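Each structure below appears as structure tokens.
Here chain A shows up in two complexes: once beside chain B, once beside chain C.
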Partner chain A sequence: MTSYKDKIQISVAGEELSASIVTNDIANNFFAHRRSGRMALFLFGLIFLAGIVAFITKAMDGFDSSQRANWGYFAALFAFLLSAAGSAPLVAVGFRMTANHWRRPFARISEIYAVVGLLTIVCLMPLLALLPPIGDCSSGPCRKTLWFTSEYWGVPTFWDFAGLLALVVCGIALLLVSALPDIAQISALSESKSRPLLSKLTKFWTGTQSQWHIHRISLSLLGGFYFILLIGVQTIINVDYVMSLVPGWKDSILPAHQALTGIQAGVASVVIVAFIARTFGGYKKYFPMESFWSISKILLALSLLWAYFWFAEVNTLWYGRMPVEQNILKLVMFESYRLPFALNFSMNFLLPFFILLWNPIRKSVIGPTVASILIVVGSFFMMVRLYVPAFGIQDVTAFQITYVPAAIYPDFLDLIMIAGGISGAVFIYLLSTRIIPILSLWEVKEGLLYQRVRPFLRGEYQVLGKPK
Partner chain B sequence: MATQSILGLYENAEYAAEASESLENAGFSKEEFDFLTDTPYPEGALGERHHSHRLYVFPFIGALLGLSTALLLTIGTQISYPLITGGKPILSIPPMVIISYEGTMLGAILFTIIGIIFESRLGPNLKNRLYDPRISEGLIGLIVDCNESKIATAEQVMTQAGAIEIKRK
Partner chain C sequence: MYEGKTYSNKQINDDLLSSLTKSSLVYWAIVGTLGLIVLVATVAVAFMINKGLGVTGLNRPVMWGFFITNFVFWIGISHAGVMLSAILRLSKAEWRRPATRAAEVLTIFSLMTAVLMPLIHSGRPWRLVYWVMFPYDFQRGIWMDIRSPLVWDPAAVNTYLTSSILFVFVALIPDIAIIRDRSSGIKKIVYSVLSLGWRGTTRQWKFQAIAGILLSALILPVFVSVHSIVSWDFGMAIAVKSWHSTIFAPYFVIGAVHSGVSGVVSVMILMRWLFGWQNYVRHEHIDALGRLLLVIAIAWFYFLLMEFMFGIYGQEGDELATRHMQLLEPPWMWFFIVFIITAFLFPVPMWLFRRVRRNLWLMLITTISVNIGMWLERLLIIVPGLARKQVFTGTWYTYAPSIIEITIIGGTFAMVLMLFLLFAKIFPLIPLFDIKEGQVLQDKIKVGKAEIPAVIREE
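Showing the complex of A and B:
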């Protein structure tokens, strides 16, 4: 009879791990502060600064709702950040609820995206000033909105802001609650300069079973709230900043389509950072190919779903056959903005679908990463083809648009603002990884309790436990 | 009599679970000891006490307060400025929906955060408990808070159960 010993591994081909190895690995990496990391922080910070300067320069030319057309690309940037970064925390929330193990290395990467919400709030503030008044339909020209009336206090600007604020507060609370045990643990082990501060912030966390119990419930509650809020906020923003600015546009699928694109881009954004952390961050053993393989199936499903939503959206307008519906189709898809649409369609559906269709490509690290990069870029072009034309329409109180407005092209300042905004998001993300480990220490170690590799007949297989 | 704390460190979760059984057999109640771990173990796996909490009450109260504020704002506005729009009733539900939804969510989230701070005992006035940094590397801590007279018994039981080190405050 042969004797064997179970091995604690997170994948069959991986290394044997223990709580001690994981803790020291992550703590050492966290306090390493590599030169490349500092360089990246400096570079993205510089581009972010250039973006702020471009914004101020452009704002000096005028900043009110009559000059909305100049700010379409800024609105697209805001919508892109809200969609991609705002939806990324759902990866941790959703997959934690399904209690799978492959999500463990992705969890913190996705939660850290919540801090980018601070930038989206800052971007929303000037956009609130650009929103035209709803007007009073009983006494003069007015526009149709989601809010039905402008009688209520704060409609729509305060409530747009409050919705996004609630989302960001919820996301950051989720991140802090999740990261608290990790910061406490690594600060207890390190002699770094930041240790006194980190220890002081987390000294009340000792890891008692009652604290872990509350921790588990807190993550479920905040995660649930985040999910409920995200879809609502995306819908409100889409209706207020796209549909209600284009007279005659009535489409119940578009807001849901933007929310779905956000989820797709959020998952893709997480994959991209995971690839970087695996390749350049020294975390290779914690990101097995199996994790990328599993998330690639979600990406494939989301690409198909994206196509379905688009098809439903087009069909509604196409078979409506009203002139305004034909004009809207021509505006955002087939004439004025056909280039951004072609890029959006190919990058969110065609290319990822054909890349991820093949199991050998899915079953790799690079395949899902390439598909993810395409999806994130494609999502940006989706926001361009929706927000730029909507901001270009002047007569928002008309009954319907009777013509197809021409495309508005970005000027030099727009391009700098876009580069600056995206760099700003990366800068804030990188800055956050200075105080929060990019790998969820407690979650990876929890995984070690339930994952074993053991022989079965002639092979070795992974055995997973589900403690429910 | 004054309460004292001791912390036993275990390399193996099985030994720590056995220590909790031995403590109970020696007359300690489950309220007198707790485990310190670097990762969440399945509830009850170590033989710890059942932890009751009121965390679910917080978001519920927050949601109710948020909803009430939103309704107060919308209904109050409608009653204060009773304009009939498009033949619709003065108190029309659809325009109230989004504001009510946002108010409810905002209240629920803020109260959940308060609840987490309160229920996790993360407040600044709480005493510093015994801790060992090696718990972060996988050791299991078994902390006993009991009368001075029982400390010697606790130490003996924990050592017999395989503690690699005992720390006192």
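Showing the complex of A and C:
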């Protein structure tokens, strides 16, 4: 053990922090309802409302599986929200498991995304009604399905819904368990009317050693369960709402590719919120460059992995020269939907790769943020090029598609619905940050315990604790 | 988390170079036995070449059997080297230090063995000269048909082998210099040449570190491409429906990592026992590798599920027949049961427990079990796929290996182990400089009343 007098410091040059400073700082920021925040909430709420109106207007034209083609963009919106917001909590789950210190400021930002799951449940409900029946192959036309037969109870709609519901419940439970110590502390500091309610809800939390032990185990279990559920739900949603609607499309990597795109978009969404919180939210000192630097490496790796999965798919389908596979490639990539594909490919791989390839850019705040914005937009276009053509196929029971269907373009109502849906997600997120602090108090403070700065000659070096 | 004692640089040199300087009877007994098995396998190869492929169990329609299974298996094992060394080096995982060299060396020897398999499988290995130097076999033009994955394959494997050798060599230079300084006579001359004038100056260390990072980053795409291309040997073939799957490339890569990292854990435990490196290969390292294996195994299982699910999803006759053969027809169904138990159901639940991950015997058993399963996995992909090709419905058949094939396969396992052990006689199997660097970066901090291990952050 060294005889140096250790300094406790978070990695922002020169500034020493203590647990009490962090608590007061974050609590003050949390209680300060800025005018810009209220304006943003109002604006996104308004667009969300417009989206709901657009949805109702469109639904009045009819709503059954024969009109599926009209709802392709809505399905893409749902898939995008599920992928990006649903995958975001994995940042906290994954890097908490690997005990990375740099994840601490990102953890709560990522967990709050679980609340957006409520919106995805609402979006899934109408889509369940649009799904064509599987049919009975022994007595008439049927389509290929992941469930193999319609004989089992509730396939596929009930299981899709149940899977998503379980995912959202698990995500929200993860958020609440994680935020419990913070809510307890914040409620103790609050002077508003909501204090008695919050105090009542969290009064059992006194921060004993056994409570922290249970807290840690609960987070690990919920995190592991969330990860498994997320991959499972993405897989069944992808197969039920994309592949099984396009006759002859057998693409075993596609569900995994959608899940990977979701993880990529989830990480990117966290970076975007972190940038906003750092730049406009008054939390600059809690987002050291190291955090952005580390997460940008993850983004770079995910971009490369995205390209690899894409290449594995295209190479296998293209090389075989089978007519049905050629038609599918033309449909979702090279002919009908080549524009969304080009945007998807550029924004999920090419541009982020060339941006994040350079260390000085990775080691900045703006570089990873720009790459993240591109990734999120690109992920939306991936869902467009998958879900819109799939919803456009009329004869889902054919043996295989023998032609390349034309592209379906969005109408005005589709555009309003998309804007409304995305704004709805932002609106729900902003509302949640009024109840739960956007920075994980206990994790940031725990991070302080494990960081030391020690003198070396005329300089200093940092030591990171690695507990069991 | 650092659980070991701290040693002086001299002590580290003495301990880790003991494999070069001291020889136990057990060591030579093992090397001798392995050498004997290799000799028998070589005789079997010679016999097969003399008599022709008729002495094997290969026959229409199953023309790929044990040899190609073994080729894919050894390519898979070779993935551990880069996985552990490059990725963990780039991510600055402290626990990588005692594992990297063994992993890299295992990569090289398993790749060399893998390369031999298609040559042996061809039955006429001398024709390699024609393939490389003359357009003898290719009637469609004067060049080889580069559109065939069978041509991409040797290109990728040889690139991987070359870059892996370079990767190991760059990391070996500082250690070779230490051996040079401790040896005399002809040995000193040889090690002097190999150490490239290493004096350990700041400038040399800087270049060595940069070369290591660059090679780590450059070798990663090669590592992914190799097993992807091996998978495309199968996946590009539309005639064998169960092979034509888009998930094959990542499925093969993650399977390779699963089997390769398991292989590294096995050899690390054996190394610790054989050379008495208890202070260097510690429980914490095996524990960390166990946790890594847990994640890899779960990811691999997801890909396995996808591969099987989409095999049945298409509802195509020959694919269903293949799956029927794999799952319901003996002996393949028994192989499948053994495969799924040994590769996943037995080891993975065990790895969930810290006690198991820190029990070396159990880790040795579970990691060997994984590789038994992963070898069977490749066999189950190759043989039933070929045995149920639609265009050859009239000749649907099965495959049983001959004693010649079994002997040769046994020989390859002996060869890899023997080369690994012989390497330990020439170069250290644990990087000396890495262990020393790890010790320099170790620290402790006080949190409340407790003192916890810490690490100095590198920029």
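The rule we apply is simple: the second predicted complex is superposed on the first by the 459 of 468 C-alpha atoms of A that agree within 3 Å, B and C clash if a C-alpha of one lies under 4 Å from a C-alpha of the other, contacts with A are read in each partner's own complex, and residues count from 1 in each chain.
By definition in this document, a contact is a pair of C-beta atoms (placed from the backbone, for glycine too) under 8 Å apart; a residue touches a chain by one contact, two chains touch by 3 or more.
All values reported here derive from a predicted model rather than from experimental measurement.
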Give one of first, second, both or neither to describe whether A:L317 is in contact with chain B, with chain C, with both, or with none. second
Counting residues of chain A touched by each partner, does chain B or chain C come out ahead? B
With the two structures laid over each other on chain A, which partner does A:L464 touch: chain B (first), chain C (second), both, or neither? second
Now for A:I253: first (chain B), second (chain C), both, or neither, which partner does it touch? second
Should A:T23 be classified as contacting the first partner (chain B), the second (chain C), both, or neither? first
Just to be sure I read the superposition right, which of the two partners does A:Y308 touch: chain B = first, chain C = second, or both, or neither? second
Applying the document's definition of touch, where does A:L449 land relative to chain B and chain C: first, second, both, or neither? both
Contacts of A:I231 with chain B and chain C, given as first, second, both or neither: second
Contact-wise, after the overlay, does A:F148 reach chain B, chain C, both or neither (first, second, both, neither)? both
Where on chain A do chain B and chain C both make contact? 146, 148, 449, 467
In their shared complex, chain C is touched by residues of chain A numbered 1-2, 6, 144-146, 148, 231, 235, 239, 250-256, 308-309, 312-313, 315-317, 319-322, 449-450, 452, 461-468
For the complex, which residues does chain B have touching chain A? 34-43, 45-46, 48, 51, 53, 55-56, 59, 73-74, 77-78, 81, 83, 85-86, 92, 94-95, 98-99, 101-102, 105-106, 108-110, 112-113, 116, 119-124, 126, 128-129, 131, 133, 135-138, 141, 143
With touch defined as at the start, can you tell me which chain C residues reach chain A in the complex? 1-2, 94, 224, 228, 232, 235-236, 238, 244-250, 302-303, 306-307, 309-310, 312-315, 443-447, 451-457
Complex interface listing, chain A residues touching chain B: 18-20, 23-24, 137-138, 146-149, 151-153, 155, 159, 162-163, 165-166, 169-170, 173, 177, 181, 184-186, 188-189, 203-218, 221-222, 225, 228-229, 232, 236, 441-443, 445-446, 448-449, 467
